[in-house]
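Chain nomenclature is as follows: A, B, C, D, E and F, assigned in order of appearance, with residue numbering initiated at 1 for each chain independently.
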Amino acid sequence: MTLTDIPLSAGDTAWVLAASALVLFMTPGLAFFYGGFVRNKNVLGTIMQSFVVMGLVGVLWVLIGYSLAFGPDVKGWGLIGNLDFVGLRHVGALGNSQAGPAIPAEAFMIFQAMFAIITPALITGAFAERAKFGPFLIFMAAWSLLVYAPVAHWVFASSGWIASDIKGVDFAGGTAIHVNAGAAALAAAIMFGRRKGFKQEPMEPHDITMVVLGASILWFGWFGFNAGSAGAASPVAVNAFTVTNTAAAAAALAWVGMSWWRTGKPSVVGAAAGAVAGLVAITPASGYVQPMEAIGIGAIAGILCFLAVQWRTRTSLDDSLDVVAVHGVGGMTGALLTGVFAVAAATTGVNALGAGVNGLTHGGGFDQLWRQAVGVLAVAPYSFVITLAILKVLDLVFGIRVSEEDEVAGLDVSQHGERAYIFGGSGPVLGIPEAIPVHMHGDQAGTAAEHALQPSHGRAQ
Amino acid sequence: MKKVEAIIRPEKLDDVKKALADKGFIGLNIVGVTGRGVQKGIVHAGRAGQAYSVDMLPKVKLETVVADKDADEVIDIIQQAAWTGNIGDGKIFVSPIEQAVRVRTGERGDVAV
Amino acid sequence: MTLTDIPLSAGDTAWVLAASALVLFMTPGLAFFYGGFVRNKNVLGTIMQSFVVMGLVGVLWVLIGYSLAFGPDVKGWGLIGNLDFVGLRHVGALGNSQAGPAIPAEAFMIFQAMFAIITPALITGAFAERAKFGPFLIFMAAWSLLVYAPVAHWVFASSGWIASDIKGVDFAGGTAIHVNAGAAALAAAIMFGRRKGFKQEPMEPHDITMVVLGASILWFGWFGFNAGSAGAASPVAVNAFTVTNTAAAAAALAWVGMSWWRTGKPSVVGAAAGAVAGLVAITPASGYVQPMEAIGIGAIAGILCFLAVQWRTRTSLDDSLDVVAVHGVGGMTGALLTGVFAVAAATTGVNALGAGVNGLTHGGGFDQLWRQAVGVLAVAPYSFVITLAILKVLDLVFGIRVSEEDEVAGLDVSQHGERAYIFGGSGPVLGIPEAIPVHMHGDQAGTAAEHALQPSHGRAQ
Amino acid sequence: MTLTDIPLSAGDTAWVLAASALVLFMTPGLAFFYGGFVRNKNVLGTIMQSFVVMGLVGVLWVLIGYSLAFGPDVKGWGLIGNLDFVGLRHVGALGNSQAGPAIPAEAFMIFQAMFAIITPALITGAFAERAKFGPFLIFMAAWSLLVYAPVAHWVFASSGWIASDIKGVDFAGGTAIHVNAGAAALAAAIMFGRRKGFKQEPMEPHDITMVVLGASILWFGWFGFNAGSAGAASPVAVNAFTVTNTAAAAAALAWVGMSWWRTGKPSVVGAAAGAVAGLVAITPASGYVQPMEAIGIGAIAGILCFLAVQWRTRTSLDDSLDVVAVHGVGGMTGALLTGVFAVAAATTGVNALGAGVNGLTHGGGFDQLWRQAVGVLAVAPYSFVITLAILKVLDLVFGIRVSEEDEVAGLDVSQHGERAYIFGGSGPVLGIPEAIPVHMHGDQAGTAAEHALQPSHGRAQ
Amino acid sequence: MKKVEAIIRPEKLDDVKKALADKGFIGLNIVGVTGRGVQKGIVHAGRAGQAYSVDMLPKVKLETVVADKDADEVIDIIQQAAWTGNIGDGKIFVSPIEQAVRVRTGERGDVAV
Amino acid sequence: MKKVEAIIRPEKLDDVKKALADKGFIGLNIVGVTGRGVQKGIVHAGRAGQAYSVDMLPKVKLETVVADKDADEVIDIIQQAAWTGNIGDGKIFVSPIEQAVRVRTGERGDVAV
C-alpha cells in the first residue's frame, strides 16, 4: 500500500485545519506582542510589519514558496525543492507522505504556509521603529524565498539534507524557524543600526496590556504550531500539546523569577516574554520529550533568554525587541536540548521524520546532540549571511532606513500617514493628549506638521 | 484677584483639594503637567528590567483664582498639604488677575470666583 | 441507505464544532473592527451593536429563526421554512441532509446560528454613531426574521428557490450574507441620514490597533466560516481553507497597493480593510475555486472595494463604515466571480449543493454566471426594500436616530451611560484627558453634564 | 473489551485538543475581563494575577495536581487521588475511562489542566487592586492543591464521593469550579478587606472595551470548556455547544434588560457580565439539558446574578469584581437547575458520569435536585473554610495586602515596577496624561517618585 | 496685552471657537482640565450600574492672548457663546501679559499675537 | 519674577529643553495643548485615505518662572531653539509673577524658582 492509498482521516484533517487556523492567528498575535513594546508613534508601523506579511507571504507561498520548500528535491542534493508545485500544481486532495499520510497534501501545504508567514515576521522585531516600508516589503519577499524556503527544505522536507543526511530532528521548527529568524535578526539589527536616542532616552513599551494580549494569542496559537506538526490527532499530537503548555508555564515562571531577583520586582512583561521563550524552546522538542523534561526545557530557556536579553542590553546592539535573545537563543536551546532529552518512547507514531530518537539522557549518547548542533550550525550562518547580503543590496539601492525626521515623527505618520489613537474626544479638537511629534524640514516651504500629515509626493518609499 | 498656581505631586492632590475645601475654597482646576526640577526618577522598561533615569516627572498643576485677601491663606494651605520634605515637592506661583467673569450670570470681579 | 443512516463522523463533527466556535468569535471581531473606526465617544455603542446581537439572534434563532430558514419548505415554493423546527423540535442528534450528512443536525443548526448572528451585525456599520438603542434592537430582530431567515432559505436550504430552481451556488454566504447585508446597509444609511458634522469635521478612527485586532479575529474566524461550510473535515474543507487564506492575502496586498498609489502612503487601515474585502469575496466561491484563482478573486475584490469606498466618500451617502462598498460590492464580486472561476474538480465531495459546477473559464460558459447574477439580483432588492420598510415603520413609531444632543455627547454616554476609557490615573480626579463631550439642554434645570451622566428618566430609548 | 482496548478516535482527540486550546485561551480572556474593570494603575497587576497562574498551575498540575485530582482514589474514600500520577507517571497514550475512552489519557489530563488553571484565577477578582504579589503566588499554589484538587476529585473523578456516592452531576464544573471559586472569593474578600476609598471614590472600569474583549474570549473559549467536557466529538458535545451559546445569549439579554430597567440605560458592561453569568450557569447543566431550557437557565442566571451584584454593592463587602455574585450565585443556580431541567434524552452517550439523569421537570422528582444541592453544600463551605485558613496563615506570616502607599500608587508600579500605558508621544517627555500617582514616604530619604519607580530593595514582597 | 483664560464646557468649545473666529480672533490654545465648582456630576460604574457622585468634571480651558483694546470684546464673545445658564458654565479670567514674541519672526508686542 | 510661557512645536521641545538647561534654566513644566493659528494641518482618515484639513494642531506649552533679570535671556534662548521659520512655530508670552513658594522649604521669592 503506497502512502497515497491510505484513506484520509477526517479526525486528522480536522485537527490540522484547526491547527492551521491557530498558527495563522499567531501572526497578529506577534503583531500585538511587538506593537505593545514600541513607542506610541510606531505602533501601527510595527503591527503592519507583521500583518502585511500575512498578505505577502500568503500569496508568495502559493505561487512558489511551497514548491521551493517542499517540492521534489532538485538533483537529490537536499538543498531546495524544484518548481513542480508552482502555483500548487500537483498539490491535491490526496494523502501525502510529508506529514500525516492521512491528511490531504493541500492541508499540509496550508499548515506550512502559516509557518512561512510567521517566520519572517519574527525578524521585524530586530529593526523596529526605523525601517522604510517599501524596502522592508522587498526584504520580506526576498528573505522568504532565499532563506526560509531553502532552510525549510533542509530541515522539514524528508529529502532535505539536514533531515535525511544529518538526521537532525526539529519537530515544529526550532532550527528552521527560530534559530533561522534569530540569526537573520542579528544581521538585520546590525544593518539597520541603532535607533536615534538608543540608550539616551527611555523607550518604554507604550502598552503592556497589548504585549500580554499578543503573548496570550501566541501561547494559544502555539498549540496549533507544535501539536499540529504531528500531522494527525494522534498521541504524539497530544504529547506535543502537553509539553508545549508545560514548557511555556515553566519558562514564564523562570523569567518572572529572574526579573524578581535582578530588579526586585516580578515583571509582567517578563511573564509574557518568558512564556514566549519557553514556547520557542519547546518547539523543536515537542514531539520527542515528555512533560517532566518540558519543565526543564522551559525553565532553562526562561533563564537563558533572560540572561541573553540582559547581556544584550549591555551591548550596543539595538536588536530592539530582542529577537536574537529570545528566538535565537531560545531556538538554539531547544534544538540542543532535544538532543539531550529526546526519548524514543515519546515519538511512537511520529510520522515520517525523527521517529525513535533517543537523546543524551535516554541512552542515546552524544549522537543526536551532535546532529542537532550541526543543524543549528548550518542554518544560523546561512541565514545570517544571506540576510546581510539582501539588506546590503537594498540599502545601496533604496536605503533601508527612514530619514531621521521620519524616525522622530514615527513610522505611523511618516510611513503610513495614520495615527493609532485619538482618545481625547470628538476629533482633534479635544485631542490634547494626542500630540504627535511631527517632523520638521528646516528650509522647506510647507510646515513640518503639514508635511508629516500630507500624502508624500507620489513616490513610493 | 490673584491666581494661585501650584505644581504638586499627584499623590498629594487629594489632600490639597480636601484642605482647600475645608477652608471653603471650592473652585479650582487641575491639569496634568510634566515637570523638570532637581528631582530625577527612574523607570524600568523592557524584558530584562532595564532602568532609565528620567528628567521629567508627572506632576499636577492646580489653579485657583481667589480674592486678593485670600491669596496668602491659600498659599499656606497648599504648602502645608502638599509638603513631604523631599525634592520634587513642587512650587506655588501667584500672579495678578485683572478681571473674572462667571459665564452663567455674567457677574464680574470677586463675586465671580 | 437514507442519509440519516450514515454513521456520524467524529472527525467531521469535531471540525464543524471548531468552525462554529470560530464563527461565533467573528462577531466580537467585527465589534472591534467597527469599534476602532468610530470616534472615542461611540466605541461602546458600536461594540454593543454587534455584541448584543449575539444575545438577541442567539436566542431568536433557537426559538424560530432556524425553523424559518431551514425548516421543511412551506408549500414547496422555496420561499421559507415552516414551523416544524420551532424551539429546535425535531432537530436532533442524527445525521442531516443539509450539510455534511455525517454530523448531527444540531451541529448544522448551531453552525448556521453563527451566520445568522453576524449578518445583521454587519449592517450596523452603515449607521454607526447615531442609532437609538431601543429601536435598533427591534430592527435587528425584525431583520433577522423578515430578511435573513427567508434569504438563507432561498440560498442555503436545499429546497430554497435560488438553490434548487436557479441553481445559483453560494458556498458560505456571498449572496445570503454579504450582498444581503450590503443592500440592507444601503437602505439603512439612507434611512438614518448623515451624521452631524459629516464631511465637515474629521472622523478619524479612534483606535486603529483595535481595527487591526478586529480584522485579525475576522480572518482567523473566517476559516471556520468558509471551511466549516463544507460540513466535514474533507478535501473540500481543506481547499476552502486554502483559498480563504489566499484571497485574504491577495486582497490585503491589493488594497495596500491602491492606497499607496492614490495617497502616497500604504495604509494600515487599508491592509485590514483589504483582508476583509478578500474574505468577503472568496466566501461564495470558496468551495468551488482553486488557489490560483483565489489570488485573482482577492486582488479584484481588493481593488474594486477600494474604488467603491473612494467613490462612496465622494457621494453624500454616510454609510459610515462602508458596509455597502466592502460587503455589498465584495459579496457581489465574489458571487459573480464564482460563476467565472468555478471548476467542478474543486468541488468533488461538496455535500448536497453545488457539486460539479463549471464557470466561464472552465468550459461552463455563461450559464453559471447567469445563475449567480440572478441570485444577487433577487437578494439585493428584497433586502433593500424590506430593510427600508422596517426602518420607516420604526422611525415613525419610535424615531430611529438619537437626538442631536445625544449624538454630540456620543452613544456611550447617551445610550449606555458609560464611558469607554479612563486613562488618566486614579479615578476622575486625574482624568484630565477624559474630557467627555457631554450634551446640554438650554433651558432645563439640571446641568448638561449631570443630565448626560444620569440615568434617563425611566423610559426606554 | 476493557476500556483501554477501545481504539483511539482521531476525531474525538482532535476535538479535545481544540477544546483544550480554547480553555487555555479563557485565562487570558479572564485577565482582560478583570483588567478592564480595574483602575488604570492596577491593570497590569490584575492581568498578571491571571496570567501568572497559567505558569504556576501549569507546572503544579503536571507535578502533582493531576495526581491528587484524578489519581487512583486513596483508600476508596472518594476524597483525594493518590500519588500514582505524580509527574504524569502512568498517564500515557492509551484510552482512559474518565472522559471519552477514545482519547489518550494525556489528552484528558491536559484538558483538565486548563480547568485547574482558570479556577484559582477566577478568585482574583475578589481581591483586585490590593494583593501583595509574593503571598498571592503562595495562595494560588496552596489553593490549587488544598482546595481545587480535592474538590475536582470529589466531583469529576469517577471515584469521587460526590460523583459516585451522592451522584450529583456536574458536566463541566458548576460546582467544582464556579461554586468553588465563588466561595473562595467570599473568604478572600473578607480576608483582604476593603480597598482604600471603597464607596468614597468612583472606581470606574478603566477600559470597557477590554472588558468586552475579555468576555468575548471567554464566550469563545467556553465552547471548549463545556463541549470539550463530553470528551468526544459526539452528539452530547454538540448539544453542550448549543446550550452554551444559547444560555450565554439569554443571560446577556436578561442582564441588559435588568440594567435598562433599573438604571434607565442598557449597560454594555452588563451585556458582557451577563454573558459570563449565563456561561457560568449552563456549565454544570450543559450535558444534560436541551436548548429551550438553556434559555431558561440563562435568563434566570442573568437576572439572579444582576440582583446579587446589586445587593452586594449595598453591603460593605468589597468583592471587587463580583466573583461571589457571578460565579458563586451563577454556579449555584446552574447546579440546582441541572436538577430541575436535566433530561435523560439529552445525555445519551455522556461518557462515564451522569448518563440518564432526569430532573424535576422531566419526571425525576426532587431526587436529582437534592443530590445537586448536596454537592453545592459540600463544596462551598469546604472551599470557604480552607481559603480563610490559607489566607489567615499567609497574612500572619507575610501580610497579604499591600501597604496603603502601594495601594495608592497602584499595583503596576508598586508590585511590578511597570506602567501599562504611555500614550503621550515619544517617551515620558510628552507623557503628560500619564501622570502616575506615585506614593510617598514621609520621612524617607528618596523622593516618593524615585521610590515608587525604583527596584525595591532586593526583598520579595 | 491681556491673556483671556476661559474655563468652559467641552461641548461648547466648538461654538466658542467659531464665535471668536467670526470676529477675527484666530489664535488660541486649548487644554483639557478637570474642574471643581458648585456643579456635581454622576457617573455609572460597574455591572449593576452603581452611581457615584463626582466632584470633578472635565472642562476645557481656552487661552488667547489679545491686545488690550480687544480684551473686553473677547470676554463678551466667549461669555455669550459658552452660556447655557446652568451651573457649571465656567469662568473667564483676564491677566496682564507684558511681552509677546512670535517665534517665527521674532516680532514682539501686539503684532505678535 | 516673570512667567515665560512658550507655545512651540512638539518636535522642538527636546532642543528647547536642552538649550535652557545649557544656560542653567532647569525648572520648567510642560503641558500638551491644541492650538489654532494661521497654520493648518491635513489628516488622513478612513479606508480610502480621505484627507481632512484640520484647524487645530497639537502643540506643547512650556512654562518656566524666572527672575526678572533672566526673562529676556530665556525668551531669546527659546525663540532660537524653537525656530524653524515656518508657520506654526508658535508664540512666547511673558507675564508677571508676584510671589513664588518652594513647597519643600517654604522659601519665597527668587530663591524659590
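Observations on the structure shown:
Here is the rule we use: a residue touches a chain if its C-beta (ideal position, glycine included) is under 8 Å from a C-beta of that chain, and two chains touch if they have at least 3 such contacts.
Note that this is a predicted model, so its numbers are computed, not measured.
Counting steps between touching chains, the shortest path from chain A to chain C takes 1. Interface note: chain C and chain D, two copies of one sequence, contact each other through mostly non-matching residue numbers (shared numbers fall below half of all numbers used). Of the two chain pairs considered here, A-F and C-F, the higher C-beta contact count falls to A-F. Remark: chain A and chain E have CA centroids separated by 51 Å (rounded to whole angstrom).
Taking each chain's centre as the mean of its C-alpha atoms, chain B lies 19 Å from chain F. Here the CA centre of chain A is 49 Å from the CA centre of chain B. The multi-chain contact residues of chain D, meaning those touching 2 or more other chains, are 9-12, 14-15, 18, 201-205, 213, 233, 263, 265, 267, 269, 408, 417-418, 421, 423-425, 428-430, 432-433, 435-437, 455.
Among the residues of chain F, those touching two or more other chains are numbered 10, 17, 30-34, 43-44, 49, 51, 54, 56, 59-60, 84-88, 95-96.
Per the touch definition, chain A reaches chain D in the complex via residues 9-12, 14-15, 18, 22, 39-41, 102, 197, 201-209, 212-213, 216, 219-220, 223-224, 227, 232-235, 237-239, 241-242, 245-246, 248-253, 256, 260, 263-269, 271-272, 274-275, 290-292, 294-295, 348, 408, 410, 421, 423, 433, 435-437. Across the complex, chain F meets chain E through its residues 2, 6-8, 31-38, 56, 59, 61, 71, 75, 78-79, 82-96. Those residues of chain C lying in contact with chain F across their complex are 37, 201-205, 255, 259, 262-263, 265, 267, 269-270, 273, 306, 309-310, 313, 322, 326. Only residues 8-15, 17-18, 20-21, 24-25, 28, 31-32, 35, 43-45, 47-48, 51-52, 54-59, 62-63, 87-88, 93, 103-104, 106-107, 109-110, 113, 133, 210, 213, 233, 412, 415-430, 432-433, 455-460 of chain C touch chain D when the two sit together in their complex.
Chain E makes touch with chain D in their complex at residues 43-52, 54.
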